[in-house]
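What follows is a group of structures, each given as structure tokens.
What follows is subunit A paired twice: with subunit B in the first complex and subunit C in the second.
Take a look at the complex of A and B:
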């Protein structure tokens, strides 16, 4: 039982990071009908920005995080929207999806060119203290990661549901034309979604890089798992992203320990296929009817 | 008098030749088939730095037999098929020797290409099967797993380990090490409590750690590449596992210590090469490496450095650039670091291309690799 609980908690910590990235998928989908396959790299980039601010500029981790968030908001939020999404969205989703695949490669190669392909250590915001709860060893880092991920999702839910701006963003997601008629500044709401996405990616980088280590291709696995998590939880539901992320993280650990570590990497794909077949809208997603 | 067509042809040829990389006629070309991206980048980067350091030193001192080395690093992306393509390209370019690859899987597919071309290669791969296939032009830069594992197994017996959970990476290197270790355990009565494979590039090791911990083994033996070893040690610490962890070279290497941070403390093992070894030449190399690259060299840096110096030492002993003679001179040869300081340590080679030299037992304390014992070469010639 002790082993089981340890696996669940460690899986929740990993899953929390998947969830933050998955939330990026759901947000962008709702705001602009965009699927961003460069999301993994959008987690990788802030990790290297933080390392730059720590190692080159000499900032402490909290300040480096703030600085990285600032750059991420400009580059991955505003810049991504203006340079990639706005010019391509009028041509449909497919060109945009292909563009994000290209962007993913470009970001990886740029970071590789600047920072080399070597793996680098990354400091943790949490202490390395171990807690013993009823014989179960739990690291402060794991608990902190789960708490931060859950708090961010809860905060985002509150923002979307209880603030005027959040409701306006939801209105844009549900019906863009009706939102225009209601006087909502649609472009601004879409921009907010991109900015929130950039912020979430930076937080995910802060939480997961101490364990994964910083490397130019670290976003490959993360982006794919987050995509699966978003589909599993429901592409049009923020809480679904959290559920999907946690489910993938925990199930990976349980399968790795009790079945075979060789099957671990296939868990997300297996869950994804089961959900697509039996509940295509995702576990917490809602069916959206469209006229064709 | 040149007509217009001839002048145009000549001009084009001159322009094309000017665009080619400049290589002096008397330069000696060495091609490095190395993992500069993909899962092997950590090992490959260290190897490349070691090679570059050696080439810089040798060229500054006048080169080999008066000829400067021109080194060409070609990235095999840690992929076997690309490593083979790089070896083919290397053969086409007709270098004096080829260095690398580092990953055993990459060596396995590349070595037949260079063997057919009768081109000596100096590899970083440690898998036991590389030197059992009758290659006449293949030479190791570090101990064969089959030579290193008995030393580690003896250490485990001495430490009172009676059962071991073996965690290994599912590639040629990991599988070769796992097989060699399990064989040595069996001959010494050490029980195999758990046999756990991991994926190259694996990110999350929580499940592996839990499985290794619940195996009720006296200790864990971890045999993976650098990044995976570091992530494994981080996961061990994160889950509060206090079982002793042993490894062979990689686990207690400087790169893994750097990547794993405090999580590496307490790891023990056998190391074939270390800049912390009680050897003035090796320590001096370590200082030069750190001054040049602002990081410590691990075993791969030493392997790259000594490979170039071995080529220099043997070629100068021969007095000529002759691939066949070079390979013949290394087989069964012993080379002294006293007369060839670039070799750092005395080394001897057998007829298969395996090398023999002293090695060390090490432990990580306070983020530093500490050598606890020096083990002599198995059969000093």
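Take a look at the complex of A and C:
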């Protein structure tokens, strides 16, 4: 039983990171119809930026994080939107999918070229002590990761639901034309979605890299899990991303320990298949009507 | 005019058939690989370009075809039986996979196929009794058909090229048939297609499964070409480059995959002078090309004509 609880908690920590990436993906999809295949690399890049600021520039981790967020907002938020998404979005989903695939290759290989293919350790913002709660050993890092992820999702939810800007963003997601008629600056709202995506990716990098280590191809599986988390939870619901992420993280750990470690990576797919057969809109999603 | 096209097509075919005669073995290998990818691309072009579905699982079908060929040929089965078997196995798996995924909107198929590819990769890596695990299967024999041995690289290239011509011919016939019209209707306006009585689920499923079967045939050539199969070439990354191949060449254009296969198979070889950076440059080129030419390379003439007008 204690093993089980430890697996669940560690799984929730990983799942929390999936959820942050998934949330960014969902936001971009809602705001602009962008299917971003460079999602995993957008978590990988801030991790290496932070390492650069720590090891080369000599900043402390918190300052390095702030600096990395700054670069991420400019490059992965604004730059991504202006240079790639804006010119391509009117040509439909597929050219953009290909462009983000190309972007993912370019980001991965550039990091490999600059920082070599070596695996690098990454400092954690939490201490590495183990707490003993009734015989169950839980690490402070895992608890902290879950708390930060949940807090971020709750904060974002509050921003989208309670503030004027957040509601304007939701209006754009639901009906672009109506939002224009209401005098909302659609382009600015879409830009906000890109900036939030970059911020979420940077936080996910800060939380997950101490456990999974920094490597140029660390985004491959991370990106994929985040897609699944987003669809399992529901494409058009931000709490759905959290639920999907946690579900994938925990189930992976349990299957890896009790069923087969070789097929651990297939868990997210199995969940995804079950969900799209029985509840295609996702666990917390709502059905979207087709437009003729 | 139409006459001229056939003559040009015939001339190019003959040229391609004889062109690699003087090549060294590595050049010949790459050229044959280009033909193999072209075949897989013809199938994927049906799914993506003509029927408008995003599939990210062509690498898995290539793998299923390759492992089918590897296991059967090592058991002594003739390649005359292996090609249809590989195609049928992939067709059947394509039906099974497409059925749940196509119940929902089309970008779900992208994720379903992506995950399917991952699962196939895990299966190839974990089920050592059948696939040899990470060590793979080696010493795959080259085909012997009607006592003709296709062992030498040049002979094998000729065999691959003939398979390409046959598969391309079947595809051209299919696209001119009423089925081809139905596929295009599906892509251009699925709701309208449904309202004029086209069974959209059936045709989408067929487009996907036939595309998968082409992947299987390409795989059945891939295994004897390399003479060694392991899970790595059939990972998600390869499926992504296959999709890239179709889109970059020009999706929904018959010769799009040929141009696309040049980009995916040959361009990285030419960029090798850039050493460690060649894949990074490759990625940047893809982004730039999509931004400038979203319709793929074969849309270049239209684009230039449009500018002048």
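In the analysis below, the second predicted complex is superposed on the first by the 292 of 292 C-alpha atoms of A that agree within 3 Å, B and C clash if a C-alpha of one lies under 4 Å from a C-alpha of the other, contacts with A are read in each partner's own complex, and residues count from 1 in each chain.
Here, a residue touches a chain if its C-beta (ideal position, glycine included) is under 8 Å from a C-beta of that chain, and two chains touch if they have at least 3 such contacts.
If you're wondering where the values come from, they're calculated on a predicted model, not measured in any experiment.
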Subunit B versus subunit C as contact partner of A:207, first or second or both or neither: neither
Subunit B versus subunit C as contact partner of A:265, first or second or both or neither: both
Partner chain(s) touched by A:142 [first = subunit B, second = subunit C, both, neither]: first
Partner chain in contact with A:242 - subunit B first, subunit C second, else both or neither: neither
Touched partner set for A:102, first subunit B, second subunit C, both or neither: second
Partner chain in contact with A:257 - subunit B first, subunit C second, else both or neither: first
Subunit B versus subunit C as contact partner of A:10, first or second or both or neither: first
Touched partner set for A:128, first subunit B, second subunit C, both or neither: first
First, second, both or neither for A:273, with subunit B first and subunit C second: second
Doubly contacted residues of subunit A, that is, touched by subunit B and again by subunit C: 112, 262, 265
For the subunit C and subunit A complex, residues of the former touching the latter: 48, 54, 100-101, 103-105, 107-108, 110-112, 114-116, 118-119, 122, 125-126, 191, 236-237, 240, 243-244, 247-248, 251, 276-277, 279-280, 282-287, 289-291, 294-295
Complex interface listing, subunit A residues touching subunit B: 3, 6-7, 10-11, 14, 112, 116-121, 128, 130, 132, 137, 139, 141-142, 210-213, 215, 218, 221, 252-257, 261-262, 264-265
Parts of subunit B lying in touch with subunit A, wherever the complex brings them together: 36-38, 41-42, 45, 170, 196-199, 201-204, 206-208, 210-211, 213-214, 226-227, 230-231, 234-235, 237-241, 258-259, 261-263
Subunit A residues within the subunit C interface of the complex: 35, 37, 83-84, 87-88, 91, 93-99, 101-110, 112-113, 220, 224, 227-228, 231, 260, 262-263, 265-266, 268-269, 272-273, 276-277, 280, 290, 292
